[in-house]
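Beneath this line is the structure, given in structure tokens, with notes to follow.
Chain IDs A, B, C, D, E and F follow the sequence of writing; residue 1 opens each chain.
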Amino acid sequence: MATVKLWTDEEVASDPRVKAIFDDIRAVRGSDFVNRFWRGLANQPAVLERTWEQLKLVMMSPGSLDPLTRELIYIAVSTANGCGYCVHSHTVAARAKGMTDEQHGELLSVIAMASQTNALVTALQIPIDPEFQIA
Amino acid sequence: MATVKLWTDEEVASDPRVKAIFDDIRAVRGSDFVNRFWRGLANQPAVLERTWEQLKLVMMSPGSLDPLTRELIYIAVSTANGCGYCVHSHTVAARAKGMTDEQHGELLSVIAMASQTNALVTALQIPIDPEFQIA
Amino acid sequence: MATVKLWTDEEVASDPRVKAIFDDIRAVRGSDFVNRFWRGLANQPAVLERTWEQLKLVMMSPGSLDPLTRELIYIAVSTANGCGYCVHSHTVAARAKGMTDEQHGELLSVIAMASQTNALVTALQIPIDPEFQIA
Amino acid sequence: MATVKLWTDEEVASDPRVKAIFDDIRAVRGSDFVNRFWRGLANQPAVLERTWEQLKLVMMSPGSLDPLTRELIYIAVSTANGCGYCVHSHTVAARAKGMTDEQHGELLSVIAMASQTNALVTALQIPIDPEFQIA
Amino acid sequence: MATVKLWTDEEVASDPRVKAIFDDIRAVRGSDFVNRFWRGLANQPAVLERTWEQLKLVMMSPGSLDPLTRELIYIAVSTANGCGYCVHSHTVAARAKGMTDEQHGELLSVIAMASQTNALVTALQIPIDPEFQIA
Amino acid sequence: MATVKLWTDEEVASDPRVKAIFDDIRAVRGSDFVNRFWRGLANQPAVLERTWEQLKLVMMSPGSLDPLTRELIYIAVSTANGCGYCVHSHTVAARAKGMTDEQHGELLSVIAMASQTNALVTALQIPIDPEFQIA
């Protein structure tokens, strides 16, 4: 259960502003399925709009990181932030963009490694090496 | 300042177990510079050894994710975990492995996007869509 | 399922120290409903007592921040800490204290904004401006 | 030290896109001082632009939460996320918007209270009460 | 539901590398029950192997901290990291190693206390006392 | 630099309520040194008082966990929460209560292990085993 109502397709159809965004989500993704995150955000059309526009820009516009790499980074952040829903949805997205089991295993390994050294560094309170300084 | 002594090269030289690992770090990296993380871990040779062995395996062994992608994931996790030292050292490492300013900008964008939707999902307590279920 | 037993009203009734606190919770809130957090804490009467006393003081005593503002801050912290239960219970509490949908939307926007800039600042490791210094 | 160059006013002046945003920051805030966060983001003009536009919208547009309340929420999130820089800059901003010492004390109390109960709930793994369910 | 398949005993039996580790888990723990964490990790035999070997070393080898104390620390970290599954499994493990209700209550108290002062320190941005300096 | 004034001994002496608590801190600890955390909290006497009373109760009252074990748990939580100041002050406190280098190494090992499996469990979204259920 969510802390807000999750909009059904009928409710979405009754609100032109929300409907326009759902239409765009469906068109851009080439799928009729719209996951619950957007159905929860529909309660706040301004946040819905802003989030979807920014997501398109950040995750789908051409650039120097390929779409799968962006999904791996998304999973890494969502894991460290403990967002189970986000881990689920972006693992599905990464697989849809071609993530192999081998790549998933390496992603898990790097996440586990970083989590471990992050904790060690914090427990030891290592001061930053002057060699890391940007000139 | 750290919560432990940071070992100087002289102190390292006086302890054969620690020295062997520092020699390996220098050989593998092809550089005489050993950063302070390892100098702090030197107080605990077993942890030092295990961490270095695992890091070599996870970050440097051949695999399906290239070394730069692994560094980007490492930065993402370290950022979400708030480990400033780790962000510094792995941003330096990513640049050494070829990260361009454009790639850095896209990494920042994905980290910011994920942090934002992680928080929205948590605030809305969105339940996981059945469509995300692994059969 | 919890990691501890959740006390039923009968079990509460059988322990005078716990019963006194539950009676106070019901009296202060003007409602017979006592949520599961307190039923779990009942296993540790000292912690239960201390937590309830502190909560009354912090959330209900007169002061310069009105009760709704305190709930909004509570939701913000609980979201950033990833406590789903706490997000649920304090969103219900905020609504009971008059939070409108518009206010909820603005709360979500600020939480999302802060989460995003927190991550950017950490990834960039921005040093604190001397202008922020307390004299 | 940051992981990126912090742009001086001269460097800003040499880049029309960055200069336009810095001009707007100065105009909107009515102050010549531009803090280091923006000087670090200047390396990524697209991120700089998007962040500043969103910040204006979220923190400064008219709405149902007053500007000080928004700052208190910002501080709460930044504290839970462990972003020292953000805590500093938004505590300064909150004071500029009228936060009194008494309000600061109450903010600290709520943050401490929530952090504590968040941890207790997580350690006890309290399941969500059906009474919290949105119909 | 997990983001990966949870291996059944039959699937485990069909993969010699995974089977060897499951056999060792059962032998070391003296129980036929293998919890789902290992069944999820089975998809990545290298990560499974490394994690189990390290866990045996860290949690079960003789040392200066007794096994129960190690479990208490594990619960504390898992709580602060918001890992519900880990809180569950290690609370069960701590009880199996003799944790009393009184000890659980004191563990909860310390976790709550630390969470609270961590937040206060971060909100106040207290600089480290020179007296804490390692010579 | 802090976000609040750190009270000097002279300022403390001029405020009877704050002075009484500082006197108690010095008496209980048997030392004239009062660290900066308390000097920052002095701006909010009610929070100062409540925090010190709770700290005495939780960390110093007789119980089933010895004082050193409580400090180890405190360090573990503070590390996972990324509170550098707290890691420093409680590592000093743990050493004062007898923590050996060997114990410190084992503490670090458990923290690193838990951080790593916390992340793996979150990335895999392992559902809780029914065997962990409290009857």
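Observations on the structure shown:
Rule of thumb we're sticking to: contacts are C-beta pairs under 8 Å (C-beta built on N, C-alpha and C of every residue); 3 or more make two chains touch, one makes a residue touch a chain.
Bear in mind that the values here come from a model prediction, so they are computed numbers and not experimental data.
Which listed pair repeats A-E comes down to matching contact pairs by residue number; over half match for D-F among B-C, D-F or C-F.
Homomeric contact chain B/chain C is classed as same-residue, with over half of its interface positions used by both copies. The chain with its CA mean position farthest from that of chain C is B.
Remark: chain A and chain B have CA centroids separated by 21 Å (rounded to whole angstrom).
For this pair, chain A with chain C, the centres built from the Cα atoms lie 27 Å apart.
Note on chain placement: the centre of chain D and the centre of chain E lie 34 Å apart, centres being C-alpha means.
Residues of chain E in contact with two or more other chains: 1-4, 47, 51, 54, 57, 77, 79-84, 87-88, 107-109, 111-113, 115-120, 122-125, 128, 132.
The part of chain B that touches chain A in the complex is made up of residues 1-4, 6, 33, 35-37, 40-41, 47, 51, 54-55, 57-59, 63-65, 69-70, 72-74, 76-81, 83-86, 88-90, 92, 100, 102-103, 106-107, 109-129, 131-132.
Contact residues on chain D toward chain B in their complex (touch as defined above): 1, 3-4, 43-44, 46-47, 51, 77, 81-83. Residues of chain B that touch chain D in their complex: 82, 87-88, 91-92, 101, 104-105, 108-109, 112, 119. Taken together, the chain D residues at the contact with chain A in this complex read 1-5, 50, 54, 57, 128, 132-134.
Residue ranges on chain D touching chain E, taken from their complex, read 75, 79-80, 82, 84, 87-88, 107-108, 111-120, 122-125.
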